[in-house]
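What follows is a pair of complexes built around chain A, which joins chain B in one and chain C in the other.
Let's look at the complex of A and B:
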């Protein structure tokens, strides 16, 4: 840096306290110190152009984060002491937490590991430091979530073995494969996937449903965690935007690579969020907003503005966004009706929405709910009332890429199941959509490796051939406690006793 | 008199998570336990890493050290994130007071030019060594397979960034925040013969592939000699050169090193105690790296406290390693 006699401004000072500690190596080749920086084809001509997305020295990081932690744990302690679980809206709400702890918290941990890795991979010190701070933040989230749910685990089922289940249970391969996909990619794709596509573009669709959901349903522990993590997330989002602009500004050859990543990761993220859509519309006894409303605000409006902004770099909106936009009218209903049928193999309960909830859905989904989905629930309710609560005993077919069962319908044709297949090296592969099929075609060597839970059961890799053995022994789902219908479950009974309602009264209420 | 409280519905159905209960029994667990054990993914990875297709994600073969269960390595400080930042927040508070004190009284700007130069030449360039330590620990956090192990390394990574920043601020106090002193100091790091063996050593660590070899070299061997020499002996020597006030500004490093001994000792103890094969491997690495660390510090010792001080640091490290059944050269031949 040039010799100067003026006091440094904040930006330069921060650079002296971060990237200036780095140096051009001469004893080892740069390529050997940073071997992972080139293989994706991204061209970086000048790392000094990197704009630090935030300026936080370690001393202020420790101070600031410690203050937040202190407040957070004070609430956790009070929550446990006062048995805060008794103050939630309804015990059905806890199923959202089960989905969160087994589906999302392990991703926080994977994010910690992924950012620790990229925190070493880049030759730009500024970028490394920003990644490392996110790494330790994500470790924070993974741990505070364990602590936030710890009390619930003592009073409800289905929360007791989340990390174990994340590695094995069929529907949890949706989030797991998503993050494995990102972590196994190179550092620039990882940041495009997680920092940009997920944290920047889609994060509100995860955060708002769960955290506002907690607020609306009297869950003090989770909502406090949510508020506490908000300023971390703000940092993560600025990193996401900076990284994408930086890559695009560095070299025009980067544009098509980044565009393909945005197409891919938008779609991967959208498929992952389908789990959130059902949680939002069905698992929250007190609804925050509908999935379609959330999608409109947080993707169509905010995302629209963002991609308008990126136009000047030659970036267009994600290729299959029209399909995602159209799906907002169907997504949650298609998911919930599927999970309803497979509750024997899930760590959370399902149920038929109550009458007022169905009316709410009719209002929120005027073009689709009454026409396509209400009749299904009415049929399922009739069957259940006749003592034939429906469970589907055929294992679903999973998409080779997103690993969601192939349950979605075609755009504009809500009764036509969407399905694609192709042959690769003599083997046939199945997909939920054109978009997933295209992702596969681009990297077949990657996606043929997928650990598809249903295939694995058939191949005998899950400690048993029948669903019951797999569920109990391999998944650690306690049969009759964690799984099946909510009504009449131990959770349900415990809730009734907390509220001082005898099961008989409940029957009268329901009748 | 006693108050009747309805308890039936608040009786817990379990005391902790199943994965914690499998290790410690179904009884109330500590925050450290619930935050640290069996959280990271262990099996059924979907794709091989494109940056290293030899292994899976979270693959314990990324080091040649073999542990039946990596969770046997745990943190005697019981640091989960909240405990960690709480502890460091206190440490930084007293560092802040010292920096504020020196700044307000212009204690460093008033030092003789010769002393300032010594600080910029002999002390401040260690900020680059700290950045190397930061990078190495971040790599380890990304490669290690148990949360008890990986979290200690990400804490260490962030600590080293922080220490590098404190060292940098010493230079900013000297030059009145213009950056001139840091430029001068970086020049020594890059070109002064005194620093070249150290810079070569740090660059050599940056290409070490085996993460446990790297934690041994970085956090035990290099730190073992460096922290004793620089922040104890050299600190006392700098005081005799008129820079006693600087001691206040390196207090953080002394406290930090004392703290880091706790987890590094626990880690080596568990790993060396696991098997003869682990011990042999550790011994091979020590034989290979310890003399290099010694040589890298030699010119710096010669230019300041003298070689005897480095030999003392070496003997101290040797005594420490002996407790784990490991040998290193106690005195220079």
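Let's look at the complex of A and C:
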């Protein structure tokens, strides 16, 4: 005989707790309340098929997060009181944090806004509540990241105005435009872009490098933030999976729409992560793993298994994944050599990798580093030694879609620049790749509005026409402190003094 | 040394070895628990301990909070057990699961018949009737064979004091070799049952598709006999896959059922029948036969799969491309030594299929 369960299971409990969150409107039309739900062409036949990817009530959420924060801030305090910044591997590491604070933390805030807005668009309560929960998580992540890194702001340059820089600085338009693109899309595209493509498919390529990077380089505060976020990230990932399954199962007409979004957002995410690739290979004094190794594990293997399963829905792997797979041998080197020559306009320092680091790269990139990239560094090092540290004074051509300078090379032809262009309504537009060009062609009205930093400087919209004025006045980068070469920088001198290698430079006393 | 862990609300029991985590033991024994990181940092696998002694292990203080530790919550991916334990996990209880108690039985071999060149039908008489759901399996102990072996019941529940098993000879397999070569009528065996989560979900609307391969016909046979005996009115289609006519066993039984019941259709498919002039049925794999029969559109049906992993895998793909999804597909994988190691890396997209 069947035994009746005396207890409600968690699913039933959750249903009883949340069922009044959804009601049928009586004096307004549903379509007027949720006007964006069908504008992308996604067909939802039955919201009740939505399976809550996690079951969390506000009550338990607050309890849980409060304890996490208590522990997290205790460690931040201990880190600050013990001058934790003195125990990191090397001050060059702090440049990774500058990139994170100005490039990633503002995205957490953008995600908060994105989920808050998107959640409002769904007539299904499950999706609505999940988005709301994630919005709160993202706001917390943005705040706790800033708190984790605020200690460094007392001791190093370039961390003083990250949110302002995110809105204005040329290379930060890469992450900013990525999220703006997602947030200005419809609700289902937003979830496919952020919950699925980013949080599920690509997130390990962002968080493992930064959080393991922190662990390998003695940055306890940031590592601890990573641990405190991981249980949230696990929920975000399950939401990404539920979203994609739900949309695909609701109607077969959704399949080609989702396929195009996956193609697009895989590529947008991959371009965004090119910044992480250089961080990983060049900005971490103690290296975790190479970009190509990370790409193999987290995309080629894990992504391969995922797309094998998605094949059952009629979804194929992202259209340009072959280009991305090929680029793993080149990406970080092409990015770093570009940033090296534009350091006059960055909020972090750049440098020539040390000999042991170059040997590490030869080992990790046996087919490409010695052949294509080591000679460039040797040349740049010679120039620097002769007192001609190279800065490129020509502003770069940016891609109209990803906004990265057109610095990448063609697949299988590492010395051939990848560049596409087309004319739309009389104007010529430039792209870094076939994939970005294709994204533009599908929605030209959207991308002709892109705010391209270089164009804006030339049009006189950035408080000046010369690099110095733009950098100082418009970007809030302190010239001579935040930017230029690392060797001999105030950060470098301060680190040497902390380590007792050389007496502190006298410029502070003079001030 | 191992302990029994009972997983509520479904009531499944697993054996957890010393030092083995609850999650590892559950997944190995085919019980799905929610999980993600697998090393104590994400808290996806959090469960409540209701009874017994559990060692928390290496759970991160950011994943398993102090208040939760006080409440008896643990992370299944890190937790080991020190006694028999009952836990409650965030999994759904199946309304169609009748939860018949597992008991030990003594069985006497009444007959062993050749069903095909590689499959024998083993008939046993139980010392007393066993209540079970069609589709479930038993664990049987064989002389000289370490540990019990699982076989699906091919008889329907109305034949409660009988056991019919379909046993394919696995090369090098100790148990199947013993059954094929040494076991004889009159022998006594110990068995326990019923086990498993493979049964017809009668609470769910929709017509029924059964896809069976090799000796995986056993469970579908029990389920179909049971449904027809109970005058179930849903449409039922059985697709049976085999290599050739000699391997296609119990064909007459299902052809007769097809004649006698308007709502039952039998579609056998042979994958190696190109040179068989006698064969007028479907040529190809069993999932292709299903695709052809339904014109690639399965929506509105519930599918039950039983057979070797490659067949299951191909069938799932065919069904999903024809718009059936995880909630519509139920299966029993027949894993034997011959099937080799677990498949390659899987994503977290699907839980049960």
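Here, the second predicted complex is superposed on the first by the 492 of 511 C-alpha atoms of A that agree within 3 Å, B and C clash if a C-alpha of one lies under 4 Å from a C-alpha of the other, contacts with A are read in each partner's own complex, and residues count from 1 in each chain.
To be clear about the criterion, contacts are C-beta pairs under 8 Å (C-beta built on N, C-alpha and C of every residue); 3 or more make two chains touch, one makes a residue touch a chain.
Since the structure is predicted, the reported quantities are computational estimates derived from the model, not experimental observations.
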| item | value |
| --- | --- |
| Superposition on chain A - do chain B and chain C clash or fit | fit |
| If touched residues of chain A are counted for chain B and for chain C, the larger one | B |
| Angular separation of chain B and chain C about chain A, which is computed from CA centres of the superposed model and rounded to the nearest 10 ° | 80 |
| A:419 touches, of chain B and chain C: first, second, both or neither? | neither |
| First (chain B), second (chain C), both or neither touched by A:63 | both |
| Partner chain in contact with A:22 - chain B first, chain C second, else both or neither | first |
| Touched partner set for A:180, first chain B, second chain C, both or neither | first |
| Touched partner set for A:376, first chain B, second chain C, both or neither | neither |
| Partner chain in contact with A:142 - chain B first, chain C second, else both or neither | first |
| Per-pair minimum CA distance [chain C against chain B, superposed on A] in Å | 10 |
| Residues of chain A at both interfaces, chain B in one complex, chain C in the other | 3, 5, 7, 63, 67, 72 |
| Residues of chain A that touch chain B when the two form their complex | 1, 3-8, 12-13, 16-18, 20-23, 25-28, 32-33, 35-36, 39, 57-59, 61-63, 65-67, 69-70, 72-73, 83, 86, 106, 109-110, 112-114, 116-117, 119-121, 125, 128-129, 132-133, 135-136, 139-140, 142-144, 146-147, 150, 153-157, 159-164, 166-168, 173, 176-177, 180-181, 183-187, 446-447, 449-451, 456, 476, 494, 497-498 |
| Residues of chain B touching chain A in the complex | 8-10, 12-19, 31, 34-36, 38-51, 57-58, 80-82, 85-86, 88-89, 91-93, 95-96, 127-128, 130-131, 134-135, 138-139, 141-143, 147, 150-151, 153-155, 157-159, 161-162, 164-166, 168-169, 172, 176-180, 182-183, 186, 189-190, 199-200, 203-204, 206-207 |
| Partner chain C, residues of chain A touching it in the complex | 2-3, 5, 7, 9-11, 49, 55, 63-64, 67-68, 71-72, 224, 227-228, 230-231, 233-235, 237-238, 241, 245, 249, 252, 301-302, 304-306, 308-314 |
| Chain A-touching residues of chain C, taken from the complex the two chains share | 8-9, 11, 36-37, 41-44, 60-63, 65-68, 88, 90-93, 97-99, 316-317, 320-321, 323, 325-327, 344-350 |
